[in-house]
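Common to both upcoming complexes is subunit A, partnered first by subunit B, then by subunit C.
For the complex of A and B:
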C-alpha cells in the first residue's frame, strides 16, 4: 500500500502541488498571505510540498534536517503554525481524493490506505511541530537576551548625578536587575543623587510601584538619594487611586525639574555664560 | 573568646569600622561597648562603616537598628556608610528599612554629613 501511495504522489506531484496551493489560498489566514508576495507564496508552498514528499524518499535523519531548515524559514516569514498543520491535512486529503478518482483505492483497500497514510502523516506532524517550536523558542530566548541588555543602563550625566531611564513594562526579574545595576552603578560612579526616569513605563501598578520604592530605599541605604522623575498625569492618577504611598520618595514630573533638584541637592546650579 | 570591635574617638565623633562578619555575640558586645563609649565621651556623632561587609543576617540587622535607636536616645547622631549593594538588597528584602538613619557612600562623605548635621 505504501508503495502505491508513493507511486501516486510521485507521478502526480505537479497536479498535487497545484491543487494544494489553490486550496491553501482559500483556507489560509489573511495575515499570512498579506505578509508575502504571490510569488513568494507559491515558492514557499512548493517547497513545503516537496518537503512532505521527500518524507517518502529520504531517510528519517535527512528529513528531520530539512524540516528544521524549513521551519526556521517559515518562522522568519511569519507563517502561523496552524497553517502548516492545516497544510498537512489538506495534502493528505488531496492524495486521498486523487487516488480514489484514479481507482487506486476502493472501499476494500480503504482501511489499509487510512492506516498507511496515518502512519506516514503523524511522525511528520510531530517533526514539523517540534522543529517549528524549537526555532520559535530560540528566537524568543535570543530576544530575551537582547531585551536584558537594553534593560537598565545607569548613565552618569554630571559629577555625583546619575540617571536611569526605564522603558517598557517591569516584571520581577527585570526589577531585580534594575536594582542590581542601580546599586552597583551608584557605588561605582560615586553618585549622590540618582534619577529614575519612568516616562517610558506604560503602566505603574502596585507591583511596579513596590519595586520602585524598594529600589529607592536600597539606594538610600548605600548612601545616595533617589528621585523618581517622569510621572505622567495618568500615572499620578493610578498611583493615588491604587492608594500607593510614595510619600517617602521624592518625585517630580519631568527630568528637567529632577536635574535641577539634583543639582540643588549637591549645591550646584546651571548658569548662563555672560558674553 | 570573641573579638571586640574597636571604637575610635575623633573630636566629638566616634568612628567604628566593621571589618569582619559579625556573629551574634560580637554584635551584642558591640552594642554594649558603643553605648558605654558614648556615655564616657559624651560624643555627639557616630559613624559606622560597613565597607568590608558583604553579608548581613536579620539578627545582626536588628541589633544594628537597635544600637542606632539607642544611640539616638543618648543624643548621638548616627551615620552609616559604605553599605554594599548586595547588603542593601538583603536588608530591603528582609524588610529592614533603617528609616531614621542617615547614610553615605563612604567614610569621608559620612563625616562631612555628620559635621553638617551637627552644625559645625
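For the complex of A and C:
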C-alpha cells in the first residue's frame, strides 16, 4: 500500500500542488496570505508540498534537516503553525480523493490506506511542529537576550555623575536588573549622584514606583544620591492620584535640570568660555 | 463593543494596558486621563497576577445619556478579599508593596465598585467618564 501511495503522489505531484494551493487559499488564515505576495505564497507552498513528498524518498535524517530549514524560513515569513497542520491535513485529503477517483483504492483497501497514510503523516506532524516550535523558541530567546542587553545601562556622563535611562515597561525581572546594574555601577564608576530617567517608561503604577523607591533607597545605602528625572506631567498626576509618597526621592521634570542639580550637589557648574 | 484580555503572566498586564490605552484614545480621552486609565488597568491586572493567579480584564465602552466613558472590569476566581474595608485603606498590603493599588484605582477613576467573596473570587468595576 505504501508503494501505491508513493507512486500516486510521485506521478501526480503537479496536480496535487495545484489543488493544494487552491484549497489552502480558501482555508488559510488571512494573516498568512496578507503577510506575503502571491508569488511568495506559491513558492512557499510548493516548497512545503515538496518537503512532504520528500518524506517518501529521503532518509529520516535528511528529512529532518529539510524540515528544520523549512520551518526556520516560514517562522521568518510569519506563517502560523495552523497553516502547517492544516496543510498536512489538506494534503492527506487530496491524496485520498485522488486515489479514490483513479480507483487506486476502493472500499476494501480503504482501511489499509488510512492506516498507511496515518503511519506516514503522524511522524511528519511531529517533526514539522517540533521544528517549527524550536525555531520560534529560538527567535524568542534571542529577542529576550537582545531586550536584556538594552534593559538597564548605567552611563557615566561626568566624573561622579551617572545616568540610567529607562525605556519601556518595567517588569519584575527588569526591576531586578535595574537594582543590580545601579548598585554595581555606582561602586565601579565611583558615582556620587545617579540620575534615573523615566521619560520612556509608559506607565508608572504602584509596583514601578515601589521598585524606584527601593532602588533609590539602596543607592543611598551605598553612599550616593539618586534623582528621578523625566517625570512627565501626566505621570506626576497619576502618582499623586495613586497617593504614592516620593518625598524621600529627589525628582525633576527634565534631564537638564537633573544634571544641573547633580553638578551643584558635587560643587561644580558648567560655565561658558569667555573668548 | 467590549473586549477582554486574559491575565496569566506578567506580560498580559502589558497587553491589557495596551488594549485600554487604545480604547481610551479612540474615545477621545486626553493624555492625562489616558495615563490614569492605563495605570488603573495596570494595578487591577497586577492584582490578578499577584493574588489570584489568573483572571480577566474587560474593557467596555459605556454611554449614559449624553455622557460617554469606559468601564474596566476585573474578574477573577482567586482567593477573594476577606476584609474589603482594609484593602481600601492607604498603605495596607499583604505582599510588601506600597498598598496604594486599590485606593489608588478608586482615585484615578470616577466610579468604583468591588465585590469579593473569600474562596470565590473578586469582581471590580470602575468607570471613567469623558469630560
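Here is the rule we go by: the second predicted complex is superposed on the first by the 272 of 275 C-alpha atoms of A that agree within 3 Å, B and C clash if a C-alpha of one lies under 4 Å from a C-alpha of the other, contacts with A are read in each partner's own complex, and residues count from 1 in each chain.
What we mean here is this: a residue touches a chain if its C-beta (ideal position, glycine included) is under 8 Å from a C-beta of that chain, and two chains touch if they have at least 3 such contacts.
Model, not experiment: these values are computed from the prediction.
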Simultaneous placement of subunit C and subunit B on subunit A, clash or fit: fit
First, second, both or neither for A:234, with subunit B first and subunit C second: second
First (subunit B), second (subunit C), both or neither touched by A:210: second
Subunit B versus subunit C as contact partner of A:142, first or second or both or neither: neither
Contacts of A:184 with subunit B and subunit C, given as first, second, both or neither: first
C-alpha centroid angle, subunit C to subunit B via subunit A, nearest 10°: 70
Partner chain in contact with A:155 - subunit B first, subunit C second, else both or neither: neither
First, second, both or neither for A:40, with subunit B first and subunit C second: neither
Minimum distance between Cα atoms of subunit B and subunit C in the superposition (Å): 9
Intersection of subunit A interface sets (partners subunit B, subunit C): none
Residue numbers on subunit C that touch subunit A, as the complex places them: 10-11, 14, 17, 31-32, 34-36, 38-39, 42-43, 46, 90, 97-101, 103-104, 107-108
Residues of subunit A that touch subunit C when the two form their complex: 169, 171-172, 202-207, 209-210, 213, 233-235, 237-238, 241-244
Contact set on subunit B toward subunit A in their complex: 80-85, 87-89, 91-92, 97-99, 103-106, 109-110
Residue ranges of subunit A touching subunit B (in the complex, touch as defined): 179-180, 183-184, 186-187, 190, 192, 214, 217-224, 248
